[in-house]
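To keep things simple, chains are lettered A, B, C, D, E and F as they appear, and every chain counts its residues starting from 1.
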Amino acid sequence: MKHLSDPVRATAKKIRRLEIQGARNVAIATIKAIETLAAQTEAPSKKHFVRELAKAKDTFFGSRPTEPLMRNALRLIINRVEKSEEKNVKKLAEIVSLASGQFLSDLDDSSKKIAEIGARRIRHNSVVLTHCHSSTVTNLLKRAKHEGKEFEVICTETRPVFQGQTTAEEMLGMGVKTSFIVDSAARFFMNNVDLVLVGADAITSEGNVINKIGTSTIALVAHEARTPFYVVSELLKFDPATVYGDYEKIEERSPGEIWKNPPKNLIVRNPAFDVTRRDFIHGIICEEGIISPHSITEVMHRKYPWVFE
Amino acid sequence: MKHLSDPVRATAKKIRRLEIQGARNVAIATIKAIETLAAQTEAPSKKHFVRELAKAKDTFFGSRPTEPLMRNALRLIINRVEKSEEKNVKKLAEIVSLASGQFLSDLDDSSKKIAEIGARRIRHNSVVLTHCHSSTVTNLLKRAKHEGKEFEVICTETRPVFQGQTTAEEMLGMGVKTSFIVDSAARFFMNNVDLVLVGADAITSEGNVINKIGTSTIALVAHEARTPFYVVSELLKFDPATVYGDYEKIEERSPGEIWKNPPKNLIVRNPAFDVTRRDFIHGIICEEGIISPHSITEVMHRKYPWVFE
Amino acid sequence: MKHLSDPVRATAKKIRRLEIQGARNVAIATIKAIETLAAQTEAPSKKHFVRELAKAKDTFFGSRPTEPLMRNALRLIINRVEKSEEKNVKKLAEIVSLASGQFLSDLDDSSKKIAEIGARRIRHNSVVLTHCHSSTVTNLLKRAKHEGKEFEVICTETRPVFQGQTTAEEMLGMGVKTSFIVDSAARFFMNNVDLVLVGADAITSEGNVINKIGTSTIALVAHEARTPFYVVSELLKFDPATVYGDYEKIEERSPGEIWKNPPKNLIVRNPAFDVTRRDFIHGIICEEGIISPHSITEVMHRKYPWVFE
Amino acid sequence: MKHLSDPVRATAKKIRRLEIQGARNVAIATIKAIETLAAQTEAPSKKHFVRELAKAKDTFFGSRPTEPLMRNALRLIINRVEKSEEKNVKKLAEIVSLASGQFLSDLDDSSKKIAEIGARRIRHNSVVLTHCHSSTVTNLLKRAKHEGKEFEVICTETRPVFQGQTTAEEMLGMGVKTSFIVDSAARFFMNNVDLVLVGADAITSEGNVINKIGTSTIALVAHEARTPFYVVSELLKFDPATVYGDYEKIEERSPGEIWKNPPKNLIVRNPAFDVTRRDFIHGIICEEGIISPHSITEVMHRKYPWVFE
Amino acid sequence: MKHLSDPVRATAKKIRRLEIQGARNVAIATIKAIETLAAQTEAPSKKHFVRELAKAKDTFFGSRPTEPLMRNALRLIINRVEKSEEKNVKKLAEIVSLASGQFLSDLDDSSKKIAEIGARRIRHNSVVLTHCHSSTVTNLLKRAKHEGKEFEVICTETRPVFQGQTTAEEMLGMGVKTSFIVDSAARFFMNNVDLVLVGADAITSEGNVINKIGTSTIALVAHEARTPFYVVSELLKFDPATVYGDYEKIEERSPGEIWKNPPKNLIVRNPAFDVTRRDFIHGIICEEGIISPHSITEVMHRKYPWVFE
Amino acid sequence: MKHLSDPVRATAKKIRRLEIQGARNVAIATIKAIETLAAQTEAPSKKHFVRELAKAKDTFFGSRPTEPLMRNALRLIINRVEKSEEKNVKKLAEIVSLASGQFLSDLDDSSKKIAEIGARRIRHNSVVLTHCHSSTVTNLLKRAKHEGKEFEVICTETRPVFQGQTTAEEMLGMGVKTSFIVDSAARFFMNNVDLVLVGADAITSEGNVINKIGTSTIALVAHEARTPFYVVSELLKFDPATVYGDYEKIEERSPGEIWKNPPKNLIVRNPAFDVTRRDFIHGIICEEGIISPHSITEVMHRKYPWVFE
């Protein structure tokens, strides 16, 4: 049975080592591994198959602290198998495949809808500030550009890993007027910004958003200047564990990202994310439209009730 | 007469090219150059001598946009010469030398007093956050350490030029427990900070403080968490031009500091400083004690009335 | 077929020319026109009839930028026809009539419930401030008065069209102690106000409220003084287009409303509405009770799911 | 028939005289009395029985102004009887007994879930401040302690009746490090607090929380210092009357609680509760998880729809 | 002696009837009347002359509640006479003339300095919002325009007397791009405003500013959007009576200004001014430079100590 | 020489044991002791006499941590002796007596002026809230009452020592309508309060005020409701040590004041004072008028320069 779980362990390892990054990429790789596991299973019964899946789930859950999209994908797939009245393992493997396909295609649909809805918020000649790199944000801006809107984007460099450079390059590639600043200059320029757009790594049951370190400061600075601040995210970034009291764990990454050869005794602190309070968020632009973050749990109960099971 | 102004032009050039940096270093180099000018002058009359000094003043004022300490030094020295009833150029040169000496020794006295006063604000086991590198701040912390106080310092790296590394190294050298973070993580740690201390590049007549980019954001973040925020600075960083309506000009430095080889068409914005509103500043720790920034202009009128002349 | 649409075009014209005004009046006139259209239709089939209705809908939607009540009425009526399994056009016309009747009677019920619920919030001897004229607000106050409560009303004049005069006259007519002030004096009196009540032109998916220009400033001023601020509105003022990213368009009216004969070159800006953020709104008093504006979209999904279709 | 209602009147009297106190105790006593009433009823028909129950309900509703938990218990039990198709009074009495039992067991389940969920929010070595005495809060802390977490609790004394002493004694009994302060010292210590936890007497449809006098000030003080403030409460503290516009009445208790022998003419004001606005509440820790107070009405519609009937 | 005081009584009457308006005009007319009084005096001794002046002072002080500029002019002139060692009435009349002349010429100097200082704050292409009509503000803008700066001005109409129309006409006359809005639209446009400039009717010892009704709301709205708000005023608008606890009395003008023929029983409230707290004021642009309002009393003690006598 | 210092040691002991309380009483007792010391001195020379005084000063400074009024009295008296050119000890003793007398008479004058100035701020029918007991506040209210003003006073009980009872009794004695509340009910009533008045134990160089525990919370609550908050205090409560960086030490009093017989292991924290930030203080009502707290240091330099020596 050991060889069966190889795709799972191999993928989980890559995730752990950050060889696979980005909520979406991690979710896709996980789904692929689960599909392979299902296709190759030799489980003699549903009970055994479900146990295999549960084990794979544990492996993936343990690979990275904050990956609600991946976790929700696993929740959906395993939920479908468990709830099925089917007993035949081959047929159950097909259910895995079906659920996986549906999750991915739903994700694509969400992405398109988000871009379509969000693009309506980009006004002609407006200045948009964004932090880090988020594909939901850049898709939204691409859509707005394709609709013929002219706008300017200010990108923060996003220390320590400079993901802002990727955002800036994508924007320039689209022909968008692009400015580039250090993170701590966001307040200097905020009075000229019309709209802040950021992605999300996770959304909590209280309506708070976990995203790249620095996001909450930009939200505060936008709030101070009465500049609207929107989170652009699929609803499945919602983390159901937060409902039940778990804190989103804030991963601390390698000190070397901040200072290559730090002096002896220096304590380098490198939290990857921070928490933006719902009060600073004008709305979450998601596949359900533009919603208030305060209602996120009820929206999830209506739209994706299975995440609570 | 040309060779006389050589020390002035040479020094001004070094200041312009950032070969001499730091408000204090710039002021000292300027004073030295003026002293040399005075020692070597061949001016036939007071009138000519005053004209030479005025020309030197213009050269230095033009070398860098925000250097109130240097400018105030020049103001004092020239003011003394102009007000003197002495006609003899040699005697006037001595007055230059005397005024220069007094300015420098006053500056030393201020520095000592500030460290002494400010150190009283460091409580045992407190956590101090500082941004960038400021010698008035590090002197204050040295004094507190020498007085036997135990405390912890959190240094922001201070993009784009990483002056926070210098601060961290000095702190470690003193045996102080030191943490190091990216600038945009300041809010993440702020709830555990007891005191924020920063330096100043200039103080305006309204009571606002111009300091390294990012300072105003840290002030806002400290304010949000009810953490006291103090500026540690000699009063002579006060810029009298702001009284008369001039904005402190915010220097924009080289894009290369932020992104070595930026993509084509990218607009890199690199403001060196920002403005922290008086409302976010608990007090200015200066040679006159701990004062409210709102009263700065009146303090200057009482203590250094000549800056207004 | 041309003559059939005459009632539609005639009514739409009146709406466009502001001959019919007020969300409620506009909705009623529109429903009447649609009923007439249905009664007179010569459409040979359901398909043709639905096309006629769709055309009428387009005409009405185009007549004024912000009229969610009217739009929701049209949505309901057409939705009923489209969903019906009936093929017979006469029978479908009856469905139009039925749906129209139900919409109007529901609106009346809502209005009564709102007055009943809201009147409970008027305490004896309290001072209520209101802006502009809103029949839902004045109904609520009438109800409170009929219940024997004594209270005082402060009306803002509401430039540029002075709708506050209508409110004041209605209040005086009911025997209520009434004060009258210019709009910019609201803050002067706010510390003596116990409750602010305003109507709504539209409610967005984020929970914000669009109402007469000046409303958002009064909300801010009430917030500053810890004075409760309530919006009194039927839920059907909710605009489902905002869910999908559309901004409520803020109509700019004629310059002549502000300055009859303005000097040459003057740019008169006359926005009719502004947006009050949900954070300033203590609650929306609606037919479902007193709700938090943050939950508006979920309330609509529960109560009027058809607006999202 | 008179003797039948004796348990009801006796219990209601004890509630009125504060011989039975605490939302939970009041609800339990009420349920017991209703069960006794049902067991002893001699009502000849369902109609008469329902009338008896309604009368009992009125008696209990009139015994204390703010007791939503007790009221919701009565609502549930009577609703079950009314909705039942059963006509036989004995059988209906069994339904009362069943509904009562379920309510109490649900309450126990809620309490356990709340403790379990909330305990996850207590971090090692954190400082928790609490006001008054709340058994949901102390249960939560007990659970955290049993899970092996070390933490410190600061109790306010809670004038005028010093319920904070009970909390302090319970905490010390569990071996928790406990500090004790006067109510007005909460701000003095707030910068060192990691988390504020309080109970609730009632929750309104707007998402506000009614709790012991002083709670709203602590919430404001926590907000000022960016300290998270959570309400720990069963959802059934929700008061459906607030949906329909009723203000929660704030009970004023005996002057003697504040000043035993006050001087003549002194007006002693002794409100027992105050209202904490939803904006100051990070989340409500309830049996449904940690939710935003803004969504409370929708959560109730989903989870306990019968409270609205 | 009666005829002597005629110019005083005549001028005071015009001031009372608002035939003379504007702080500056009122002060000038008062000074002229005092000069005439002095020129025509038949007082037999200094004592009598001083009594005449004191009587005139009382008459003028009683003519309008808030006119610190006029009052300070009277204070200066009478103070000079009283302090003089001169006994001869003719000579004392010359002192009146001298002091008057100096006051007026100082006022002119102040006005020029304010325009010069303030114009430095107008940046190229900036948008300035102003409320009501203030000649110190329009002088400042004229100066900026003459210096070749391009900028845009937004004028509020300023109900009830529409002084904003005068401002708009002056701006258009200078060739400045000018927008015109109702007062309650200021918040709608604030996010695009770079600078707010208003005048002052009086400045209090606490640093607050009394100005046309609506000013304090605009200050609040500017504060909310992080838009700098400056008061442009001569220091002699400082009202020394406020030092000694007097409230600036807020004049209520005729109801007819707001509603020509109001309905019976309507209470029209027409306060002419409101109070803007020092916390909303970035600086006072005055003849002493740009100062913090918090230091106003100390500035007065240094610059015009005689106002306190 | 020992017996000479007896009055000093005896008085200092009483101060230490709280047998003498209240800033004013402590200052008076100290002055009396110093006068006795001077009257009885046998010091053979000025040098010896100054040494005696210095020793007495040390004894008094050590008797209680926060007593700036007493300390400033000692500063004045000793300063006068030191500065005098007199050598004769008897004559110097007379100087002590003179300075003492002047200090006390100045204090009386200040008290009268404060009452006179502050009473002007009490409007007819206004509601004043006060915390703890302050004789400067009650004097002010007495004056207002004597001037015929009707007003209402709300007194907080002021745990742990219930000084609010003294205030209430004084108010009732004057025939003022008086309400009495627990400290944590201040926010409940704040929306109906027109003015908050409190005393001061010390004023710092930053403009902050140290006063009875709970004051800063009331200031915050007043700020939240836009209710003016004034400190009523003699300027000599200014503590010059704070200029030089010293924190005002916050005395912690006996646990028994809070809980007579606390359970074992309980940590009772009983800070006597807290710090109210200048931003919450509308003005300090002092003998110099109503001033902004931000300018306090400059006011002291102008009015009482000797406190800095």
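We take it that a residue touches a chain if its C-beta (ideal position, glycine included) is under 8 Å from a C-beta of that chain, and two chains touch if they have at least 3 such contacts.
Note that the structure is a prediction, hence the values are computed from the model and not measured.
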item: Where subunit D and subunit F overlap in contact partners, by chain label; value: B, C
item: Rigid-body rotation angle, subunit F and subunit B, from Cα fit (steps of 5°); value: 120
item: Same-site or different-site touching of subunit A by its copy subunit E, using the half cut; value: same
item: Between subunit E and subunit D, distance of the C-alpha-averaged centres to the nearest whole Å; value: 58
item: Centre distance in Å when subunit C and subunit D are each reduced to the mean of their C-alpha atoms; value: 38
item: Interface hub residues of subunit F, defined as touching at least two other chains; value: 224, 279, 292, 294-295, 298
item: Touching pairs - complete list by chain label; value: A-B, A-C, A-D, A-E, B-D, B-E, B-F, C-D, C-E, C-F, D-F, E-F
item: Residue ranges of subunit F touching subunit C (in the complex, touch as defined); value: 190-191, 224-227
item: Footprint of subunit D on subunit A - complex, ascending; value: 205-207, 242-247, 278-279, 292-298, 301
item: Subunit F residues within the subunit D interface of the complex; value: 156-160, 165, 168-169, 172, 177-189, 213-214, 216-217, 220-221, 224, 250, 258-259, 262-271, 274
item: Residue ranges of subunit D in contact with subunit A within the complex; value: 116-121, 123, 279, 282-283, 285, 288-292, 294-295, 298-299, 302
